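Both complexes below contain chain A, partnered by chain B and then by chain C.
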Partner chain A sequence: MGKGVAITGMGIISAIGNTVAENYLALIGEKKGISRIAWIDTIHKNEIMVGEINFSNAELESQLALDSNNNYSRTALLGAIAAKQAIAAAQITNIDTYKTGLISATSVGGMDMTERYFYEYLEEKSLQKYIDGHHAGDSSQKIAEQLGINHSLVTTISTACSSAANAIMFGARLIKAGKLDRVVVGGSDCLSKFTINGFKTLMILSDTYNTPFDENRKGLNLGEAAAFLVLESDAVVKAENKKVLAYVKGYGNANDAYHQTASSENGDGATLAMEKALKVAGLNPKDIDYVNAHGTATGNNDLSEGKALIRVFGENLPEFSSTKAYTGHTLAAAGAIEAVYSILALQHSVIYPNLNFKTQMKEFEITPQTTLKEKTLSAVLSNSLGFGGNCSTLIFTKEP
Partner chain B sequence: MKRVFIQSVGSVSCQKTFDNSQFLDEIEIYEANVVPAIDPAYKDYIPPAAARRMAKGIKMGIVASKIALSDAGLDSVDAIITGTGMGCLVESEKFVSAIIDNKEEYLTPTSFIQSTHNTVGGQIALDLECKGYNFTYVHSSISFESALLDAQLQLAMEEAETILVGGVDELGAHTVKIHKLVHHIKAEMVSSARLLESNTEGAVFGEGANFFVLSNQKKEGAYAELLAVDILNTLDKEDLSQSMERFLATAELKVEDIDLLVMGNNGDVVFDTYYRELSDGLFSKIPQAYYKHLSGEFNTASSFGVWLASKILKFQQIPEDTKLNSITSSKLNRILLYNQYRGQNHSFVLLQKC
Partner chain C sequence: MLKTNKFIQSYSHIRNNTVSKNGTLLFENASEAFPDFIKAAYNALDTGYPKFFKMDNLSKLAFLAADVLLKEIPSATNKEQNIAIVLSNRASSLDTDRKHQASIANKEDYFPSPAVFVYTLPNICIGEISIKHRLFSENSFFIFDRFSAEHLADYTNGLFLNNKAEKVIGGWVDFDTDTYEAFLYLVSDKGSIPHNKKEINRLYRL
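And now, the complex of A and B:
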């Protein structure tokens, strides 16, 4: 079976912290980042709760030292901050030493600016600079520019809530195929009226703290975040004597082919994705020590994913938890956020609690881990499931 | 590493490309700056009740993919990989304007659901009941090439045997309006027959869907072998020729091994200079062709270029209306494609007769 692809750096900004270290402290300190919305003026502000990053765009721009003529969307700002952290953590000082690409994920892209200036564009010339940012790839181009990636492969994946997991998957494939020596992979999504109202019309937004895998769950909290990993080939790791944080050992993507937005009741897609990832990793279900579940706290997801977990693991289901109660559902970024959390779990031998859980779901017997638990971990499985039936699984390991 | 073949094609475009027995026998000439795709008989492919609820991008995507599948004699594939710059743009515009116009009230989910970028890929999977790998790349003018590269790697590494790969984008009224404001769309109407003589800023926008079945087994009727794909986010004009030679060298080829260069000239006086760099320089003695006067410009227009090149290799004939120069070659074995949009997101694709 295939060898794992080395992860040598990571960066993150989310509602529970502006760095990897801050995120970890919040996770083990059981500190949620869920609150009422502050930065977006929406009529739903008293009916929803969100995982929001406590910086204005101006503050984020100044962190990146951008001039006032910049046309960065919030997605690009968050993405650039997280990606730069990842590069620094991987101790990369000259990006051009090796052939380096960027695979980023987003679903919102520059929609925050589009929805703000949709009609104003027609009148106000100074705002027209944001028109270039309409396409989803714009945020990736800006992240590449911030990292100094030129003449290289820079692309964007958008498969709804599994996007960043898929970016990691494609990045791993590019390294395995020898197409790139090094690739920055992850995702970024900011909060927007577009997604708030979209999920509102689907009636899957909770009016209080989200409660994954709870019988009385009321839906999800939207969140905003960005996270990136640096993947490097074995040759680079060896030549540079790199410290490896963990390995991308397995990956699988499958389609539920059931409904445009809902997951099949039996979790066909999620089952297939987990089975494929185990196969690529050359591991058996019993080798997985912790499952970081997608667990959005919608009625549909948690039922479907829970059934898939039972189908794949049977009696061998290890501790599982969803970290969405901390961060909210960060859509296209979620797979990268949870990749960082899975790697931290491996490094620190710890399983995070599934916060806010009270009542056992009646459809099955499995129960998430509800308290912080120390356990030596060698393999962590992370799920990301999205609209369009898109189901993805990543497996991270300590050893290659 | 296995070899990768383009087994079949399916196209919905601003030309009558949906009939695979023909090859641009009859060219539509437009006097326009925005050109919608010609509707195939959707009811032949999609039940009318379902079609009514579908965005044009979904319909074009489903029809193009069904044509490609039937051309390959397949019912399903191992994976579906889609490229789209903007997804179902009309529904996205509808949802944004409804949020603003109705101040976030009285909204329905239909537009939101279809606005997700992977809607076309998801709908094709639903239509084919295909539970395989399903990715959507959304990166401007290299959205399609990203999908192509992903498919090539999976087939070469034997992770799949047949993959449906395509590019799809639709026009949206508001997007057209604002792109006219910033001169990305030409201010004046242009005859498609004289697109490259326009000498003005901006392109003529179009739309369409071009899907292909790729396979690592060469079967009867295959169009071409996919030799190589490369994507570059940035590239200075001065470095273009050298990059191209490096790309050819990875396939152990030289400029003189290329029988036709197919380029993405869109008539934008500012950015067509990239193409001129090659046509007047490195490739000045090589036959050249272009296609955006037939397809219009859109984020995945280069998928029409790959459609054109595949047909040329299979039919062994270059349509008169696509020729950029009068140089002829005694053989038609290898085609090199080059595309970029507004000086960014460059792609090289190399195809070979099979």
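And now, the complex of A and C:
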């Protein structure tokens, strides 16, 4: 049984708030961040709803005090804002005091700028700066620069919708192995035509508010967001007398071995990921007090994940809910967004409602928690299930 | 270099219009074009997996080279056997990347296909092998300038030492415009060829 890795700071920007506090207030106030799309001019704008952050790029640039020559994608802008919040929350004033790394997750990287300027790149010299910002690693480098991380591990994880969960898992393992003293882990993804069109092609975008685990669910709403956690070694926590928010207690990642995009009908990968995470944590299913489900509101995910929950928990399934109805599916950032929500749940002894749920799914008996519920929580399990069967589970606890 | 006491149980090559296993020729066909050759090999080797025809060239190459090795192991038991996959190549998924690029290059004639796009990553071929043989195991795909037995052997030994796998399929699967080459090997407790850099290089060059 493994000891947990301390979480000492967190930051977030999403469709339901620009800070951790704002996100929490929206969660308990049952305020959705889903609307028609405003910042992207897409031909699908009347057929989709999204979780959009209500700042223009110029406003985000000014929050970061960037000059006009910058080549930040919106992914990098959102990521830098959330990561800086996390560092501030952890009361880190000098990043170089300890060996500090950054593991950042993204799926779109700088695709928002590429799709905007692609056909102008050959002629328009002033736009060519965005070519360097295209690849996923560029957003991580920019976040690292913003944090002043110059001498340590900076890397990017891109495993679709489980990316940020894998970044958190990788960071926790680096701390446990003694490779780093401190690591900033999380993810960022902005909305883009690339993802809107891609998911539209797969016919899994809802034309209205998404309804996780509902029999009549019509698909997901895409969202944009970024969130980061600061993980620190026990030695740093002790030396600095740090307040610990919660612990990364367990983690698991498994391959579904089923299809390039879809999840297996019986949730093989999700089952394996949850079992592995429980094993790493040294916990039994009955020790989990709340499951923050992946729950994207696609036909495929909710069926597959629900079956996996039944396989893992049997009669011991605690309250579960998906927060995707609040934020939309924020893809590579989702694991970090929901890590923040899981930690807030532990801190405030509260379970968030699975909004928009009306009708019980016919394939099984399990029903999500649909009202805000107060409950003392010791351990929260959070799933992030990616395309290609890249399934990850994290377990957060109050005690190490 | 990390060391473990493992053996190369079997190995396969696909190159120059031939498929061979453990150095023995299984199939030969004079087709000029790779798609014709690999389709003929699929038929001759009695593969019986219609999803094969949806795959891109790199996946067809890797899938068939792995299938030759995995055929002897009943797939129902693969999950328990925990066979990891560690592949490498030089050209990544460039062959399919170019096809995808051609479909989006022209603003007026813009028609990307999800069926092509899904293969614009090299490790999708590992997914295809895992799906067929029900492997829920560890896997990695590395891009190198050239074949690197040392890296493959080190990574494989690392998996064994950390109890991440009981067997490992390692090797090289490269597909670029008009060249292709696959060399895969299965590492386990069984066999007579020691698993080390020297033997991997020797078998690669056979």
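Definition applied: the second predicted complex is superposed on the first by the 400 of 400 C-alpha atoms of A that agree within 3 Å, B and C clash if a C-alpha of one lies under 4 Å from a C-alpha of the other, contacts with A are read in each partner's own complex, and residues count from 1 in each chain.
Here is the rule we use: a residue touches a chain if its C-beta (ideal position, glycine included) is under 8 Å from a C-beta of that chain, and two chains touch if they have at least 3 such contacts.
What you see is a predicted model; the values in this text were computed from it and never measured.
Enquirer: State whether chain B and chain C clash or fit side by side on chain A once the two structures are superposed.
Expert: Once chain A is superposed (C-alpha atoms), there is a clash between chain B and chain C.
Enquirer: Quick one: is A:L202 in contact with chain B, with chain C, with both, or with neither? Answer first, second, both or neither.
Expert: A:L202 contacts both chain B and chain C.
Enquirer: I'd like to know which partner A:S378 touches here: chain B for first, chain C for second, both or neither.
Expert: Touch status of A:S378: no partner.
Enquirer: Quick check for you: in the superposed arrangement, does A:I149 touch first (chain B), second (chain C), both or neither?
Expert: first
Enquirer: Specify the partner with more touching residues on chain A, choosing between chain B and chain C.
Expert: B
Enquirer: Touch check for A:Q360: first (chain B), second (chain C), both, or neither?
Expert: After superposition on chain A, A:Q360 lies in contact with neither partner.
Enquirer: Contact-wise, after the overlay, does A:Y119 reach chain B, chain C, both or neither (first, second, both, neither)?
Expert: both
Enquirer: With both complexes overlaid on chain A, does A:A257 touch chain B (first), chain C (second), both or neither?
Expert: both
Enquirer: Can you tell me which of the listed chain B stretches (129-137, 255-263 or 327-335) runs into chain C once everything is aligned on A?
Expert: Only one listed stretch clashes with chain C, namely 129-137.
Enquirer: Hey, what residues of chain A end up touching chain B and chain C alike?
Expert: Of chain A, residues 119, 198, 201-202, 254-261, 268-269, 272, 388-389 contact chain B in one complex and chain C in the other.
Enquirer: Hey, which residues of chain A end up touching chain C in the complex?
Expert: Residue list for chain A touching chain C: 119, 198, 201-202, 254-261, 268-269, 272, 388-389.
Enquirer: Under the stated contact criterion, what part of chain A meets chain B in this complex?
Expert: Counting only chain A, the residues touching chain B are 42-44, 102, 106-107, 109, 111, 114-115, 118-119, 121-122, 128, 131-132, 134-138, 140-141, 144, 149-160, 166, 170, 173-174, 176-177, 179, 193-194, 197-198, 200-202, 253-261, 268-269, 272, 386-390.
Enquirer: Using the touch rule from the top, collect the residues of chain C that touch chain A in their complex.
Expert: Per the stated touch rule, the residues are 107, 114, 118, 124, 127, 130-131, 134-137, 139.
Enquirer: Could you please specify the touching residues of chain B with respect to chain A in the complex?
Expert: Against chain A, the touching part of chain B is residues 80, 85-87, 95-97, 99-100, 103-105, 107-109, 112-119, 121-123, 125-126, 128-140, 142-143, 146, 149-150, 153-154, 156-157, 174-175, 177-179, 181-182, 184, 230-235, 239, 243, 299, 344-345.
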